[in-house]
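What follows is a set of structures for review.
In the two assemblies presented below, subunit A is common to both, partnered first by subunit B and then by subunit C.
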Partner chain A sequence: MLTNAMPYIRAISTRLITGILVFLLVTFSATALSSLAPGSAAQLILGDYATPEQIAALNTQYGYDLPVWQRYLSWLGDLLRGDLGVTLFSQQPILGVVLERAAVTFEIAFLAMAVSLIGIPVAMYTASHPNKLTDKVMRSISTVLLAVPTFVIVVLFSYLFAMVLRWFPATGWAKLTENPVANLWYVALPVLCLSLHQTAYLYRVARNEFVTTLQEDYIAVARARGLPLSYILFNHALRPAMPQILTVMGLSLTYMLAGSFVVESYFAVPGIGWTILSAVKSHDIPLVQAILSLTVVIFVIVFMLVDLGYALIDPRVKVS
Partner chain B sequence: MTFTQFTRKSSAVRMGRAAAIALLLGSSVLIGMTTTAFAQADEQAVSGGEMTIIAGSDIKSWDPAITSGTFPGGPMDQLDAVYGFLVYVDLEGKVQGGMAESLTSDDATVWTLKLRPDVKFTDGNPYDAEAVVYNWKRAANPDTLAPAQPFVSSWIDGVKIIDPLTIEITLPTPNRNFGSTLAQSSPFVASPAALEAAGTDKAAIKPVGAGAFLFESWDQGISLSFKRNPDYWDQPRPYLDTLKFAIIPETNSRISTVVQGGAQMMAGYPYQFGANAEAPSVTTHEIPIPGLYRAYFNQVAGTFTDHRAREAFYHAVDPARLMQAYTQLEGYVTPTNYFTQASPYYDPADVLPTYDPAKAQELFDALAADGKPFKIKLVSYSNSDLKRLTSYLQQVLTAYENVEVEVELVDQAMLKPQCQTQVNFDLCIDGGVLVANGAEPIISNMLKTGGVDNWGQYSSEAMDGFLNAANATMDQTEVKAAYANVQKVVAEDLPLYIFGSETRFLLLRDNTGGIVPSNGGILQKQYLYVCEDACAAE
Partner chain C sequence: MTDIGNSPAFKPGPNAKLGDIVRHAMPWSSKMKLPGATPFEFLAAIFLVLLVLVALFVDFIPGLVSPKLPYGDFSQLPEWSLNGLFGTDDIGRSIFSRVLYGARTSMMIVAVSTTIALVSGLLLGMLAGYYRGIFERAVDLFANALAAMPSTLVVLAFVAVTGPSVVTIIVVLGIFDIGTYARVAKAGVISQSNRDYVLAARAMGATDSRVLLKEILPNLIPALTAVMPTLMAGLIITEGSLSFLGYGIPAPAPSWGGMIASSTDLLSRFPVLIVGPILAIVLTVYAFNTIGDYLAQRLNNRERES
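After this line comes the complex of A and B, so read on.
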């Protein structure tokens, strides 16, 4: 039992070590890049009438005048103690802010991912009826959706569904824990906008995989045996296509987290995408670093799960 | 409705209002509080309910001394909810008592501020003369970094506490605009105990005031929430139980939120609202205080220190086309000088240089021949309107020979530091209009030596003298004469590039009541209420 599990343990350990290195690199870069950005937190706190001496004094007070490596080590030490500090202006505990807003982004990203899974059964159907009208129409639609950037979809959908039809709110948010119905109402448009592109992407990849798989000899044999098409698709075609689909899903999740910047900003959704944008603008570096840290951790975990998923689905893939 | 359209349709009404303002300003500086003046705003008042106002940006601290711009939707909106205006300027140009009962003077030199009895901060401390003077002294201290520091420090030594409810201020020189400048530059008073507790750390200041609302929560970058102050001095106001500010930087998102009912109102300009102003259950409300679209010439270094360069700029760009590029609307009539036709001080005698491409090229060539080629860095901040405007300027100017234009778009928060503090520009363009109900304090802020909004660091003894003269006299004829001289100097010196004028509007739900604009248009929160049916006045 343990012998069977060892490759997985080794794989997880390797990826965790790599993940830690990525984490250190990204968070250090954030610290270093913050020094290059124009203006400073001290300038924003003190206002437009601060003298260079007063700005310098506050920078000293906050430790912003220290060398990058020193600031980074100090932040890392605070992180290890579980003290992420408070937001620069409202003095809210950063840990609470990040967790609360991350929950919003994750909800949107996971729901968008769930919606985009529609692409798989549609791909199965059209792949099994290649070059028929449905296949051609779906390919055309997916091409259009892939060509339109998310920010254009956001503007169009906001106008159509919020302004003209008034089905969904234009901006705002209700917490899932406080009002689940209102939460669904608020989450609908962001999820729709975020999922469209990924649905089309997933559909294209899955269709190609299914088309290739359905041309295999063992599928021809299954058909010759008179097995129903649905049985062949789900029992013989789906599993071989899954590694590629899984990769796309992993990438999709990271794409959706990145896409949340656009969607959250436009729909005024209080997630980490919008938060990091405003934090960068206001030089709230501790908040930026906290969000980046969380994002890196999520990305590392997602890619690790995708890698492990390969091995679970396809025994030919070795975990290493 | 653009200002131009307004001028076409109702210039007579506007001129009548302007004349009334002139009479009010000139006739007396006896200023008193008349709560009945707003009886109309309260006619259908409904107590209770919640209102969400959309703001474009978040505040940075609760420091009552850090004030900037009394326009609606700005950071002072949130501070006003907690602190309330000590005094404020109403739409007729009259200074009204707010948290204070009155601010009066017979000679424009000695001013008396009367406070209301039994007003307390929400921490239980009295809102009295000591508290007001504490806040003024703090604002006068350079370490506080208050924008109004030069103004407050100029008279702080003349402040005398007569009794707990009376303060006498003796100005070094007469200033008939003292009340309006105080209202718009240093209007907030916080509990001294809260300020003391925070020390020098601005972020540690707790919002403890005696205003209409109590601070409830602040989710940085997202929203602020306030609840009704049950001990507010002006019962039954405030009418609202809850007041919220939603921070939505994206203009289109702000508009769609109001149209759909996700918020009660936002401030902006008609060119931004477009057809959304006609949406069901939505209306607009003009705040009839015109402000100027302007750009600052760097007067201390670079190309624009040469008068010919400033003149060439005026001749090179058609301001009507520039406004069209900026707002995507046609029909703008651009101001001919600092004061527009709507102002009682408007004087057609002295006008700014007009669009004349041939003359512009002549001046560009002359500058090049003198070894001073017209090479400028144009700085503004990054939003879609200003990108259009700066692109238009760059295209138009570079079509001339001997002209080079570099455009630098910075983050909005960095515009002031870059332009005002560092003076790192040749031409700096701020978005929106600067408004004040009456000439002051904006005109001195922009044109006087060392003025807080004088980003180009323009300095002229003649200008300073005329501005001082306009402030010092009680005779309206002399005031008008002084401002005529100001316009003459503006036309001669070209301290600013003035290219448009416009009034701000509110886009709001039609069940919004109690719209009482003050100062530069900021709303008095205690009057706001939500009706069951449509009640917003056009």
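After this line comes the complex of A and C, so read on.
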């Protein structure tokens, strides 16, 4: 039992070590970033009208007068204690703000991911009827959709659904915990915009996988035995396609976090993308740094889960 | 091979494929070396060639007004003239002219960022694949770190500290693509370095640098070319998003993302004015993606044959 689990444990621990190294590298770079500020970080934050005393005080308070490595070590210490200080302007605890906003972005990202799963059954249908009209039409649609950047989709959809048809509100927000119905109402358009690209991507990858799989001998055997097509698709064709689908879904999360900047700022959704944009505008460097670090943690965890997913789906995958 | 373009009897009848029509309308098309390309892939290639030509020679287009100076009334609707083709923006500048000059902005960013990424990625990837060991681990770690953040976020972090500038965007976007090129180059070197021709070159006493540059490098080019258009499309999208958010190309310079952002303010009254820049960015990304798919497919076929 334990010998069976050993490769997994070793695989997880090597991934974990790589993940930690990546985290340290990125967060250190994020700390070093503030050294690039013209003058000093405090000068940048306070603007041109600050007195030298104010600048010196802020530099001392945030440690911008210390060497980079010292600042980084104290930041790491703060992180371990779970206290990253307060945001520059609203003076709220950074960790709390970031986690609260991240929850909003996660809600949207997961809903969008759920919507994009529609791509899989559509891919199954068109792959089992290759080069028929639906296949050609869906393929063209997905190719065109992949060429439309999220910010263009956002503009077009908000024009169509919020200004012309008036089905959904263009902006506004309600917390999921306080008013779930209104919350879903407000996230509908952002989720739609984020999922469109993803659906097209997932569809394309899944379709190509299914087309290849359906040419395999064991599928021909299953068909010759008279098994219904839907049974074959779900029970024989889905599993070999899963590693690819999983990769796309892992990548889609990274894509959605990047896409969330545009979507959240346009629809005024108080998520992490919206937060970082306002932090950039107000030069709130500690907040930017915290968000960057959180993103890295999320990405590393997602990639690790995808890797482990491969091994669970396909036992032939070596977990070394 | 009969040249369809030269036969005067060809009429695009009801059964004619788009490919036949393209070949008929552009007889020289059969001379272009795009074996097995569909008509869409062919048109995408032509579009990209035109795009590069526009980016290089936009100053010499006769009759085109400056993209920075007012040309007509504010928010003039499109009309059938060179400068008025897409209408005018909120301060009366010709949107068509700004779209063409925006192509120069986009192509310039794509060209410089890709050069940075390709040269550094190739160097790191080749060294990592050839010498392996600790160097490979370091390059892997670097590539993993780059993959663990969205490039938009990092550009934003830089902008927060240094302010928006074209140089920042180009350099950060360039650095971000290093990871992918390094990975592709590394995989290529690893798969090539045990081939007979490499062993033969070594046996004849070739130095490492000679083996890497003269023997292995030419064989990496197909794989690198195949990933390039897709990464370029990504660059255009990221630059567009940043400019759309107002953190990309600083204001008076024309950029497609910035133009779309400024058109959204007029969207309720003049929705047609947004068509030009959207068309430009969507067609460009489509063309890059299509060519990328074409090259990737060709490369796969080639590898399967060999």
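Everything below uses one rule, namely that the second predicted complex is superposed on the first by the 298 of 320 C-alpha atoms of A that agree within 3 Å, B and C clash if a C-alpha of one lies under 4 Å from a C-alpha of the other, contacts with A are read in each partner's own complex, and residues count from 1 in each chain.
Here is the rule we go by: a contact is a pair of C-beta atoms (placed from the backbone, for glycine too) under 8 Å apart; a residue touches a chain by one contact, two chains touch by 3 or more.
All values reported here derive from a predicted model rather than from experimental measurement.
Number of subunit A residues touched is higher for C, counting subunit B against subunit C. Of the two partner chains, subunit B is the only one that A:L46 touches; subunit C does not reach it. With both structures placed on the common chain, the touch criterion links A:W75 to neither subunit B nor subunit C. By the document's definition of touching, of the two partners only subunit B reaches A:V97; subunit C does not. Once the two complexes are overlaid on the shared chain, A:A279 sits against subunit B and subunit C alike. Legend: residue contacts after superposition of the two complexes on their common chain; A:M163 is shown touching both subunit B and subunit C.
In the superposed model, A:V144 makes contact with subunit C only, not with subunit B. When the two structures are aligned on the shared chain, A:L21 is found in touch with subunit C, with no touch to subunit B. Of the two partner chains, subunit C is the only one touched by A:A258; subunit B is not. Once the two complexes are laid over each other on the shared chain, residue contacts for A:L292 go to subunit C alone; subunit B is not touched.
Applying the stated touch rule to the two superposed structures, the overlap between the subunit B and subunit C interfaces on subunit A comprises residues 38, 44, 155, 159, 163, 265, 279, 284.
Taken together, the subunit A residues at the contact with subunit C in this complex read 18, 21-23, 25-26, 30, 33-34, 36-38, 41, 44, 143-144, 146-152, 155-156, 159, 163, 254-255, 257-258, 261-262, 265, 276-277, 279-280, 283-285, 288-289, 291-292, 295-296, 299-300, 303.
Per the touch definition, subunit B reaches subunit A in the complex via residues 58-61, 66, 68, 143, 145-147, 149, 202-204, 218-222, 246-250, 252-253, 256-257, 259-260, 262-263, 276, 279, 410-411, 413-414, 416-418, 420-421, 452. On the subunit C side of its complex with subunit A, the touching residues are 141-142, 144-145, 147-154, 156-162, 233, 237, 240-241, 244-245, 247, 257, 260, 264, 267-268, 271, 274, 278, 281-283, 285-286, 289-290.
Interface residues of subunit A, counted against subunit B in their complex, comprise 38-39, 43-50, 54, 87-92, 97, 155, 158-159, 162-163, 166, 169-172, 265-268, 270, 274-275, 278-279, 281-282, 284.
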